[in-house]
Structures are given as structure tokens and as C-alpha cells.
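Here come two complexes built around chain A, the first alongside chain B, the second alongside chain C.
Now for the complex of A and B:
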């Protein structure tokens, strides 16, 4: 399966009378987009705002971040099973508005999290401070229950991203990049000398604000399965989770999965990137056993020499991570795991809630308990009074001068376990 | 058997399934479960389910087997590790309002229901 991504580099986003993309600038007709979003009868109102790199702006509480993309050639549409039909995506051509994103905010529940600072020390911890963001503040109709509210907000984000993406359909990209996955037999013939490597992508699947969807299916209900990496680039996997924002994969992370990009980078040079195994992180322990049995079985079936496993979240998923690692290693396949740490504010506590001797190659995304001071910024988009009651916030987090003292876990993407962040130890 | 300190769970399921309601905090639920596991009950759901951290939400529901068997070592390891993890979090002293308390209960309920398959 072969996909060409066409990057249209975005340097600014503005509101305008006609929605269009011109000379690297996105112009958004607010009213037109508003009418599309408000087709959902569960939404009472929607407001739009812009947040650009370097501005003194704090966005909170962030629910999802989505990169605008559009299918230009090939079967299916972006976000299959959600916005588009369930046709298999991942081949042909897709255009990307690189440097832009849609950010959804909303107070689905009273305790909230997810901060994106566009400037200052907080901006260094989130990749989304570097983007030209269209921020959506959606309000539900009165009396709407939290699960329906969550769904409405999630879909509003996809629709806005698809709307922006559509503006790029007929634009010639500034740059293109091609990604191809051969069939198992073709790959073995093409690269007989290279080690065969698969990627095990763990998806958060526990309940409200803790879910992920694959072609529209709640990933709690899947057993581990195979997916082409390019399907993920077309939005086959989307995020419905945001609690503990530092190590949750937004839809943007899935679309731009750095493990996939780096494996493709080395594909045909130092390794043969065979494909992606997706698996879930359910609460039920028997589900964990079943899913890790299947991911290890699929790795064995593919005949790979090595596997990279990325986690999503903390605590409960630590058990899935270690089960995957242990069972895949037991099949004689080398593993590297990517996780993050809750090692206490001084970093001296046990990092994970589970461990095993076979987990002997570990990459960390950083310590989510690390404390950071974020200065007052001139403008807040969203609801700052919630900062006291977010994960990693605590009594007195919000100071009188408007600055906040929080743990890194409040910052969207700060300790991302795909490695889409800047924290590292060298 | 569901062990919970969440009255939303208790009220919804007490007439439908086997529930032990704990009039206590998150840690009390873990400790009660640990004691049962040492008696030979099997742990069925992960005690650290949900990404809402143990020092934030006051509520916890988990499931153990209805029947007692031989000591299940995997269950012992998971519950003991979970209690150690619980204890390492800095405790917060925030007085949550009723809305937030209700939301914590709801999240705990949905996470439990993802395992109950109801």
C-alpha cells in the first residue's frame, strides 16, 4: 500500500469572508463553519478563536488536536468510519495543511486538563505551540449528558478539520513524501538482509474520556489486529481521550505518529518496516491477557526480528505494556518499549506500576510529576478556573497573579509515549 | 463481586450484581480487595483503571471473582503494586464541588461498565 502525502506549509491563519488557502495562509469564514458545526443538534453554540506561535495565549481545557487533511486521490475519505465511509484508506494521495491544527476545548466534566501555552516555558513542552491553531469553544444544549457531550465535541473537531482540509484539495503541495508498505513476501524478497521490524501501537480504551476509535469502532471492542501505517495517516485511528493530557495521543499524534515516520525513514536502509499491530488497554484483566496474546501471536506470525511498542497513559496500561513486552520477548523477538514516568516530583519513585526483566530496552517520554511554573498569559481561550481541579493541578495551583504551578501532566503532549515531544535524556 | 466506594455504582447495581460497598476512601477499596485476594479471590479488573489519578478522584470500583479458589499470585502482585503506586502520589487537599464529585463518580462508573459489558 502506497500513500503520497502532499504538504502545504501554513504560516498563518486568519478569519476572512471566504474560506480558502492562499500563499500559505488559511482564511476561515466563521459563519460558514459555524453553520456546519451547529448541524449537530446537541450543540447550542460554537465560538472560534485563533492561537498562533509566540502569542501570549493559553488554551485550556484541550480535548483534542486535529491536523487538517484531505484525500486527493485514492479510495475513501479522511476519518473513515467517523466522517467518511468505512472504505479502506491509506493509498493514493492526501494533502496536509502542515503547520495548522484544529483544537477543541470544552468542559465536559468539572475536572479538566490539557493546557497549550503558545509562549513561555509551557510552550516548550507541547508541540502544538508551534502551530497555527483554530480553537473551537463548543457549548452543549442544556441537560446534555456527558457521553453525548463528549461525542458532539469530538465530531465537531473532525468536521472542522475536514472543512479546513477540503480547502487544500486542489492546491499543489509545496513538498511531497511517499510511504509504501510491501506485502510480507514482497518485503522479504526486497530486503532479505535487513532485520524485520513491526510496531505495536497500544490504544487507550477504558471508558468516557478514555477511548480511541478505529474506523469508527470503539477500540475496546477489537482484538489486536494489523493495519497499514498509511491507513493511520489518513485518520483511520482517532482520539476520544484527554484525561491526563501529557501522555494521551491526540488525533494529531495518530496522524503524525513519529514511530511510524522514523521507521519509514529507516525502511530499506537499516531495517524492513513490516507493519503495525494495534492493540487495546482494557480494564478487564482477561481482556489484557487476550489482547497481549494476540499482539504477540501476530508479531510471531509476521516473523519479525524486533518490535517497538508504544504505550498510551499510565497505571492500568503499564500492565498491558509489560504483558506485550514479556510475551513478545518470550517468542524470541526483541522489543523496545516507549513509556513515560510517574516517578514523583523529585523523580525518585518507581516509574511504572508494573515491570519485568524482559523490559530491558526502555525509552521514556519524561516524568509527568515534574513541577513547572507557568506565568500568567495575556489571554486565555477556554476555562482557566478549572486549573485547580485538573490532573497535576493541586490546591493553590492558580496563584493570585494569574500564574500557575502544576505538574507536567497538565500540558497536552508533554510526555507523549510515541515520543512526539522534546523531553529526552542524552 | 464489585468492590466500590462510589454510591452511583452501588445504587445502580446493588439489586443486580454482587456488590460490596465500602464506606471509605480509594485506598480502603484497594485494601479490602487485597485482603479478599489473599483469601483466594481472583482480581478481575485493574485497580488503577482510569487515567484520573488516585490522588485526584476519591472514587474507585473494581471487580474480583465471586468464588474463592487457590491464591492467585498474579492478582496478589497487581493489587500490591497498585497500593504501592497509590501511596506514592502526593495527596491533594482540594474541596471539590458537587458537580466535580458527580463527574468523578460518573467516570468511575463508565470505566467499571467497560468491564461489566452492560
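Now for the complex of A and C:
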């Protein structure tokens, strides 16, 4: 399967009379987009705002971040099984508005969280401070239950991203990059001397606001399976989770999965990147056992020499991570795991909830409990008053002067376990 | 100018080898031996005002006495910074450096640093107590040691923020510190996997901790006579959570009297736990803390008795360190009250 990504570099985003992309600038007709979003009868209102790199803006609580993409050639459309039909995606051509994103925010009280600062110390920790963001503030109709509210908000994000992506359909990209995965047998013939490597992508699947979807299926209900890496670049996997925002994969992370990109970079040179095994992180022990049995079995089935395993979340999923690692190592396949740490605010406590000697190659995204002071910023998009009660916040987090003292945990993507960032700990 | 006192052994002071290892601690003005390299590295920022020279055998064979003597010598200079060693792979010297560096830090409150080879017995003994720079295994690594120790020492003396072990060159000391790597995590993972596949040496960013695997006690001899206690991390508390146990990252546990309580009801008990759907535990807390069943067993004579108190905390995100401290206290109380067995429930 072969996919060409066409990057259109975006340097600014503005509201305008006609929605279009021109000279690296996205223009958005608010009313037109609003009418599309409000087709969902569960949404009462939607407002749009812009947040650009360097601006004194804080966005909170962030639900999802989504990169606008559009299929230019090849079967299917972006977000198959969600927005588009369940056609298999991942081949042909896809255009990407690189440097832009849709950020959804809205109050699902007691659950909703995540902070993106566009400037200051907080901006260093989130990759989304470097993007030109279209922020959506959606309010549900009165009395809407939380699961339906969450779904409405999630879909509003996909729709807005697809709307922006569509603007790039006929634009010639500034740069293109091609990714190809051969069949197992072709790959072996092409690179007989290279070690064969797969990627085990763990998906958070613990319930409301802890869910992930694959081709429209709630990943709680999948058995570990195989997927081409390029399918993921076309939005086959989307995020429905944001609680403890630092180590949750937004849809943007899935579309730009860094493990996939860095394995492709070495593909055919130092290793043979065979494909991706996706597995879930359910709360029941039987599910954990089954899913890790299957992921290790699939790794064996593919005949790989090594895997990289990326986790999503912490605590309970640490057991899934260690089961995957232990069982795959037991089959004689070498592993590297990517995780993050909860070592306490002073860094002196045990970092993971589970451990095993076979997990001897670990990459860490840093200690999520480390405390950071974020100064007051001129503008807040969303609702700042939730800072005290979100995970990583505590009584007294929000100070009178508008500054906040919080654990890194609250910053969207700060300790990402796909290895998206440079943050680490020792 | 930062005032520095350094501690070295008889060998590095050029007094002699093993045959002179018995000499007691003595003070020399200014820098001696390796102090010269440190003084050069400090430039004009710091000055080694005195060097304490002590025989390795003397220190180790008269540990308490020698420690007290050296501490008194350090104190009389009231320095801004104390440096012990570096000791490289010299075992007794390493133990002496670790002992005195930790003591100066803890007892005199003076910023203190030492350095030695990672396999020096003093390393494991003291690396979590005082900043200890990882050096090569012999004095041939002096230049390298000074290069790492001097800047870290100055930072300590100035009270500047100390970065992670990977940045500063000290041995990992159990305190995890964040920092920005040069490459993103995924790239580091690919690099680590390639090394592992090639059978080359690689360095994990997080060595797996040694988990306490506790062997179960032998079976209770006669359960029909046993006093049984209930302890939970599921957060079951009397309604209203009187001790305000936190929903996540608990800093305390509660002790609650269940004398005469036959059943936990929606009106009387609830969970304080924030990490699971509380609906079912709030409707019937016996689901997490099975008081009702144990009362039945007690009545039927199948157990001796249910202990009068139960202990409860919240496991959600609670540091293992805190959990260990709670358990030690709870265990002591249970033992003192003659409890024979404990049923531990989670969520």
C-alpha cells in the first residue's frame, strides 16, 4: 500500500468572506462552517476563535486537536467509518494543511480537560502552540447526556477539519512525501538482510472520554489487529479521549504518528518496517490478557525481530504495556517501550504501576507530576474555571492574578507516549 | 567568592599508599593534589580554602570518630561548598567520601558533592543521599571527573536549579527530573531498538524498579477462631468522607469503627475514589468492602470475628511511597490488636 502526502505549508489563519487556502493562508467563512456544524441537532451553538503561535492565548479545556487533510486520489475519504464511508484508506494521494489544526473545546463538566498555551513556558510543552489553530467552542442543547455531548463535540471537530481539508483538494502541495508498505512476502524479498520491525500501537479504551475509534468501531470492542501505517495517516484512527491530557493521543497525534514516521525514515536502510499492530487498553483483566495474547501472537505471526510499543495513558494501562512487552519478549522478539512517568511532584516515587525485567529498553516522555507555573495570558478561549478540578490541577491551582500552578499532566500532549516530543526524564 | 573545603585521602595528598592509610585527619591550608585541577576549573568563582587529608583505614576503622572530627574541621571554615574525592574505584576512599559528603550536607547544611566510579561500594551506599558524579575507574580519569564535578559544584553552591542526572552527570539518585532531549522520543525509540537488535549496548531511560513481591503468609490455621480485618484502597468511607481523603493522590488513610454495623448502606457509606465509576460502590459499599458477608460468616461461626475497625484509602494515582507508609502504620495497629488475618480489597 502506497500513499503520497502532499504538504501545503500554512503560515496564517484568518476569518474571511470566502473559505479558501491561498498563499499559505487559510481563510474561513465562519457562517458557512457554523451552519455545517449546527446541522447536529445536539449542538445549541458554536463559536470560532483563532489561536496562533506566540499569541498571549490560553485554550482550555481542550478536547481534541485535528489536522485538516483531504483525499486527492485513491479510495475513500478522511476519517473512514466516522465521516466518510468505511472504504479502506491509505493509498493514493492525500493533501495536508501542515501547520494548522482544529481545536475543540467545550464544557463537559468534571471530565473535560487539557490546556494549550500559545506562548510562555507552557507553550514549550505542547506541540500545538506551534500551529495556526481554529478553535471551536461548542455548547450542547439543554439536558444532553454526557456521552451524547462528547460525541457531538467529537464529530464537530472532524467536520470542521474535513471542511478545511477540502479547501486544499485542488492545491499543488509545496512538498510531497511517499510512504509504502509492501506485503509481508514482498518485503522479505526486498530487504532480506534487514531486521524486521513492527509497531505495536496501544489505544486507550477505558470508557467515556477514554475511547479511541478505528474505522468507526469503538476500539474497546476490537481484538488486536493489523493495519497499514498509511491507513492511519488518512484518519482510520481517531481520538475520543482527553482525560489527563498530557499522555493522550489526539487525532492530530494519530495522523502524524511519530513512531510510524521515524520507522519509515529507517525503512529499507537499517530496518524493514513491516506494519502496525493495534491493540486496546480495556479495564477488565480478561480483556487485557486476550489483547496482549493477540498482539504478541500477531508479532510472532509476522515473524518480526523487534517491535516498538507505545502506550497511551498511565496507571491501569501500565499493566497492558507490561503484558505486551513481557509476552512479546517471551517469543524472542526484542522490544522498546515508550511510556511516561508519575513519579510524584518531587520525582521520588515509583514511576510506573507495573514493571517487569524484560522491559529493559524504555523511552520516557517525562514525569507528568512535575509542577509548572503558567503566567496569566491576555486571553482565555474556553473556560478557565475548571483548572482546579481537572486531573493535574488541585485546590488553589488557579491564582487570583490569573496565573496557574499545575502538574504537567494538564498540558495537552506534554508527555506523549508516541514519543512526539523531546521531553524526557532521568 | 565561594569558599570551598575539599576532602581527600592520604594517597592523593601524596602522603603515601597503604602503609600510610592509618593517618588521622589533618588540615592543610589551600588546595592539595587534585585540588589544583578543581581550583583551575573554578577560575575566580571559588577558592579552595582548606583541604582535609585523612587515611582511608583510619576513617573506615573509626567511622563515627573520624566523621565527627572531619565535620568539626569543615565547620571551622564554614565553607559555601564541600567536595569529597573523587574516589574513582578505591573502595574505602569511596565509602569515606560518601559518608562525609552526606554528613556535611545533612548535618551542616552545606552544599556538598562527591564523585566515584559507579561500581565503587560507596556509590550504592550514598548516591541517593548526596550528589555523586559518575567518574572513570582510575585516577587517569581525573580530568574528566573535574570537568563534570566543578560546574555542578558551583551550581550547588550558588543554589541554582539542578537539572536531570543525564544533563549534569551525577548518578541517578531516585529523583526523576524532566529535561528536553535532543531527539524526540520516537526517534530515540527507533535508535534504541536498532542497537538492541544488533546486540549492541543501549541505555534504557527508565530502569525498571524492583517491585516488592510479597510472599503470602502460611494459611491461617483455624479460620473459625481467627480475628479478620478489612483494609481497602477502594476508598470506602462513612458518608460525607469525614477525613477528606483525596479522590486521587491520597495523602492519608482513615480508620473507621464498624462495631455493630451489619451492612453498608447507601445512607451510611460511600466511596471517595475518583478513578472508577462510583455509582455501584455508592449504592452498596459492601461491593468493595464486604462487611455484610463477613458478618454472616461471623454469625455462622465460620470465622472467629470481624475486627472492630477497618482502614481505607484511595489507590488512584497515590504514590507508592505514601501507600507504603500507610501500610506500615496500619499493619502495626492490626498486629497490636491481635488480628490474625486481613482481607485486602481494591476497586
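FYI, the second predicted complex is superposed on the first by the 422 of 426 C-alpha atoms of A that agree within 3 Å, B and C clash if a C-alpha of one lies under 4 Å from a C-alpha of the other, contacts with A are read in each partner's own complex, and residues count from 1 in each chain.
Just so it is clear, contacts are C-beta pairs under 8 Å (C-beta built on N, C-alpha and C of every residue); 3 or more make two chains touch, one makes a residue touch a chain.
This structure is a prediction, so every number in the text was calculated from the model and none was measured.
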item	value
Superposition on chain A - do chain B and chain C clash or fit	clash
First, second, both or neither for A:220, with chain B first and chain C second	first
Partner chain(s) touched by A:286 [first = chain B, second = chain C, both, neither]	first
Touching partner for A:315 - first (chain B), second (chain C), both, neither	both
Contacts of A:370 with chain B and chain C, given as first, second, both or neither	second
Partner chain in contact with A:305 - chain B first, chain C second, else both or neither	second
Partner chain(s) touched by A:269 [first = chain B, second = chain C, both, neither]	neither
Which of chain B and chain C A:209 touches, first, second, both or neither	first
Residue contacts with chain A in the superposition, chain B compared against chain C	C
Chain B versus chain C as contact partner of A:195, first or second or both or neither	second
Touching both chain C and chain B, counted on chain A across the two superposed complexes	207, 315, 342, 344, 349-350, 391
Complex interface listing, chain B residues touching chain A	43-46, 48-53, 56-57, 63, 78, 81-82, 84-85, 88-90, 92-94, 96-97, 99-100, 102-104, 106-107, 110-115
Chain A-touching residues of chain C, taken from the complex the two chains share	164-167, 172, 174-190, 192-194, 196-197, 202, 204-209, 211, 248, 275, 277, 316-317, 319-322
Residues of chain A that touch chain B when the two form their complex	109-111, 146-147, 204-210, 220, 241, 243-244, 248, 282-288, 313-316, 318-319, 342, 344-345, 349-350, 353-354, 369, 388-389, 391, 394-395, 409
Footprint of chain C on chain A - complex, ascending	124, 195, 197, 207, 258-259, 261-263, 265-266, 270-271, 305-308, 310, 315, 334-336, 338-339, 341-344, 346-352, 355-357, 359-367, 370, 391, 408, 416-426
